[in-house]
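First chain written, first letter: the chains are A, B, C and D, and each begins at residue 1.
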Amino acid sequence: MRVGVLTGGGDCPGLNAVIRAVVRKGIPEYGYSFVGFRDGWRGPLEGLTMTLDIPAVRGLLPRGGTILGSSRTNPFALDDGVDRIRKTLTDRGIEALVAIGGEDTLGVAAKLAEEGVHVVGVPKTIDNDLSGTDYTFGFDTAVSIATEAIDRLHTTAESHHRALIVEVMGRHAGWIALHSGMAGGANAILLPEVEFDIDQVCKWVESRFRSDYAPIIVVSEGAKPKGGDEALVSGATDAFGHVRLGGIGDWLAREIESRTGKEARTTVLGHVQRGGTPTARDRWLATRFGLHAIESVHDEKWGQMVALRGTDIVTCPLSEATGTLKTVDPGLYAEAEVFFG
Amino acid sequence: MRVGVLTGGGDCPGLNAVIRAVVRKGIPEYGYSFVGFRDGWRGPLEGLTMTLDIPAVRGLLPRGGTILGSSRTNPFALDDGVDRIRKTLTDRGIEALVAIGGEDTLGVAAKLAEEGVHVVGVPKTIDNDLSGTDYTFGFDTAVSIATEAIDRLHTTAESHHRALIVEVMGRHAGWIALHSGMAGGANAILLPEVEFDIDQVCKWVESRFRSDYAPIIVVSEGAKPKGGDEALVSGATDAFGHVRLGGIGDWLAREIESRTGKEARTTVLGHVQRGGTPTARDRWLATRFGLHAIESVHDEKWGQMVALRGTDIVTCPLSEATGTLKTVDPGLYAEAEVFFG
Amino acid sequence: MRVGVLTGGGDCPGLNAVIRAVVRKGIPEYGYSFVGFRDGWRGPLEGLTMTLDIPAVRGLLPRGGTILGSSRTNPFALDDGVDRIRKTLTDRGIEALVAIGGEDTLGVAAKLAEEGVHVVGVPKTIDNDLSGTDYTFGFDTAVSIATEAIDRLHTTAESHHRALIVEVMGRHAGWIALHSGMAGGANAILLPEVEFDIDQVCKWVESRFRSDYAPIIVVSEGAKPKGGDEALVSGATDAFGHVRLGGIGDWLAREIESRTGKEARTTVLGHVQRGGTPTARDRWLATRFGLHAIESVHDEKWGQMVALRGTDIVTCPLSEATGTLKTVDPGLYAEAEVFFG
Amino acid sequence: MRVGVLTGGGDCPGLNAVIRAVVRKGIPEYGYSFVGFRDGWRGPLEGLTMTLDIPAVRGLLPRGGTILGSSRTNPFALDDGVDRIRKTLTDRGIEALVAIGGEDTLGVAAKLAEEGVHVVGVPKTIDNDLSGTDYTFGFDTAVSIATEAIDRLHTTAESHHRALIVEVMGRHAGWIALHSGMAGGANAILLPEVEFDIDQVCKWVESRFRSDYAPIIVVSEGAKPKGGDEALVSGATDAFGHVRLGGIGDWLAREIESRTGKEARTTVLGHVQRGGTPTARDRWLATRFGLHAIESVHDEKWGQMVALRGTDIVTCPLSEATGTLKTVDPGLYAEAEVFFG
């Protein structure tokens, strides 16, 4: 059997490890051959391919990024998208597809499966907000990088008697903020799931300064102030007519400075969180996802994706992962509050 | 209520994070006060204590080791051990104990609970071989350190056309070897759970050399050759009458050299795997264990320990963790074999 | 002899290592006793002190920040500043001062020495822009952190076909940008020493994209465009009347996007560069500086500071370090240009 | 001009960075073309080559090892070695050679230069024991890895009340032990340059235990006890007739245990020290060495090698580097002693 592989959506440490595992198991164990599709769904749409054999996946395990490239192309946005994909697969004798991606990529995979295309999915997001799986690979790496940054900021916060704000990824879910904030010993953690009260945040800041320590606040890029005027936080234009780049972290710094009279500074970690070599745990998870994905192809589990449950890799319908976002449970967030202030 | 806390057994990254979480939640939320017992069960036996309040746990989250010290003292090895512990608790008005440790420490805790002592447990082992919990803290850190070492050895193996052997911890269970071997891209992984065939190992070594790469073999300290004369592997004395320090890693190097004619070298990672700052994930797990342990004290769940199941922290009887060792499942090991050779 | 020690100016990895070395050598070898002054020159001005003996410096070697605290207080800004310092020293029987700091702190030390105060200096700046010494401690740590971030950004840049800009510290000198840019394989490095041509930068960006790779640009916070209207770059207020936080990195991203039509994103590393544990090299340098500083006290080299020349620690007049800034030599910068584009 | 490049001797982080810099400057700036010789001097002896153009050096900067491979082949051990090298160069129109290596490789280069071959050298050794240059690349990486290991061992040493010994590389010179020992806060450092007194070592161990801390001893693999029977330390055979693998670290552990009655354990870091990605500083140094090496080719500085002096890259005769080993100066070692015990 000839199997196509593609990666879609944002960069995520572990993508290459999945590709390697799929190929390393599929060739010797099932006798499959592989075709790499380039740049997500653009690959099968436009017939962009690359060789994907054992030599092609040598050395991939520790490497960040994806050798297949990625894009956010959506075949369902085109009238003949599905037909073109079908034609590419038929023309090249490809009988199954392994699609590695997040909500959008897997959403396309789910719809293609409904249309009869033989596809299995591998869930991917550094934000960890996909339902159906306990964790996604890339998340542990992002949390590690953010935690290391928080570790470093502690000494600076104290030497300068400043509040330091760390803005981390997470537009809709606060998993990275919650995990790195707890692992880094943050004095406040602000998530998209719970609108924060800027007065309360300032109280935590002041209480921390009173005990002669300097506060560290970890905030998801998608966090919002209670009853906040959204215009204040994002989307506004600056004095030059450009859309203002400063996000919630910068807004927090200004508010804390003006309300408490203490200096505040923001670090926006940005893309540093999603690049580079995966942690050992993410390599383990990505590798196991790859091994089970190709097993699912062999078992003809079309329309399913691999998922982590406890210590087991299971399969579940793609629709499960792409239906609703997995957000931080209020009870879990409440656990962290004992460390605030 | 006055609560005692102790840590027993070997060093493990995350011990201090548990202690901190217990104290940071117990004082403000339940109004408890704490007593730190020094050096494991020796503390309550001999009345060795230290202050354990909020200032005492400042800065503990990222620190390796345990501020309470540790030991392998077993009160049940003494005639009056239990009575002495009871007396210490009564004398100092201590109504509950949080015992953080591995099989031995928790085994004592289980027996004390049967004798009516109010104790809850927190599972700890870098080997990850305690039943009842998906993972223990410290394990992720050990795997990370071993994986980073394997990463570094790859380039050296190739430049020198040598087989490189990495001996990692795991006397009875091969979890560290399996996880770091898969995350590091090892060409063979040898565990205590499955006696290995030295001929097969040499075949993998030779096949790897043939494809112009150099093999990396990860071996648990407790792995054994099939039908092997144990004397060959350990416990033998050297030319000076000392017990030979060289373990299974050294033995493998010699066998591979004499059987394949290729150079082989061994790195024994040793205690480096169990010291130093915990990974972000281990800090998260240790912190949540601590929070739930003190909640279990509040809920009077005597004789129970906290445990990770999926993404939840639950409680289970201490006896569950200390009954049988959690070893690597053959099916899981088989998953890794596709990468051998 | 009784010796005072103080640290001034911004946070810098290695400060604690210097303090430790001074004390660990001064007590056993010369029989000195030590007084720690708190918060830079505020300490001797206001008589704020702390104990500084062997137990006080335990565990300090790997710790970021400074146990003595820091400030930017300048005694020469006060009418009676020098007299108050003299009085503090006399009252407490302190015969010599070790002042650890950058241009400002050492500038004060130089003037105090001229007034007859017994002071020796230890140069400190993560920017590496102090004259008189080959390197300062903290610089290697800052470069390492910036390089690791650049490493991670490479994969993201390529997966997303974006230009990525990394803004690093360096208001007046581009040492961190130059070293991390060369170590990280940047496609352009922009320094305060040489005004850059935005057209040339865009040419490099486009040439890089043409060869199917994504460009990484490292820019010092103090870099400026040729003939640039400064108002465009910094100091301008945003739509809310706040001083705009966005720096040269954000400006570059906007210019590149509008001129090349390619996406561009900026990461501002900020305080992450100056906190946390020092690299091995910075610990070595800081420790040797501390050892030689206390030797200089013993040799009564008042008004001198320790300095690195090649592999030797020497002493030189404090005025040498505080006269002119050590900026990047154009020849050295030219070396890097072969890697641009 | 056509230029050959080769790497000889042991693995060393930064080799690939040198190769990349040579090629990245030589092609666009001087219009040279390059030939990669494989496996050290075996390459030009046997005519083993590989393509070395801009695409071939992509991504090499952070990669450990050497894409050219290495060996310890010595053309002067063959009757017709020099003639064969000359013939290879003539046949392929190669007019100059860049030889990157340690004492042996550069020794060959020096002799070939005397015979009229156009060769320039780049010094390489993780041991830092080459004369003529302040530092060699790879050394900073080795010291960093050893220091990180020592950091981790501190907590373990203390929790278990054990002496911990770390055996690091350095057969003839103790630079790695000295630097990592000082950076890691070791309680004793033992070097090849100064025979140690085992009684003194045990006194340090006992004094450290008395102050309730656990000692860490860093020892070069080439260190020797005063008046020691060499047979006791190395080269002896074990009970199975194999040459005993245990080195000075194991010997020290046994002696300390039997003399002090305290437990002692050894970690042999081994090849982990010489593999993997170079530190930022080593990438900087390796890159600058490469840039200046190809400049030296352009300037026809045959028989010279590049070297670091202070912050400058200079050139010096190859004979300078290969004459006498650069060992640790007793004065420098004495500086460290204040931290022993």
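Heads up, the rule we're going with is that contacts are C-beta pairs under 8 Å (C-beta built on N, C-alpha and C of every residue); 3 or more make two chains touch, one makes a residue touch a chain.
Everything numeric in this text was worked out from a predicted model, so none of it was measured.
Graph distance from subunit B to subunit C, where chains that touch are one step apart, equals 2. More than half of the contact pairs at B-D come back, by residue number, in A-C, the repeat among A-C, A-B or C-D. If you average the Cα atoms of subunit A and of subunit D, the two centres end up 40 Å apart. The geometric centre of subunit A is 34 Å away from that of subunit C, both derived from CA atoms.
One inter-chain figure worth recording: subunit C and subunit D are separated by 30 Å, centre to centre, where each centre is the mean of the chain's CA atoms.
Counting partner chains per residue, subunit A has residues 148, 151 touching two or more of them. Residue ranges on subunit A touching subunit C, taken from their complex, read 10-11, 63-66, 69-70, 145, 148-149, 151-160, 164, 232, 236-240, 242, 244-246, 250, 253-254, 265-272, 274-276. Within the complex, the subunit C residues that touch subunit D are 24-25, 28-29, 61-62, 134-135, 140, 143-144, 146-148, 151, 179-180, 182-185, 279-281, 283-284, 287-288, 291, 309-311, 335, 338-339.
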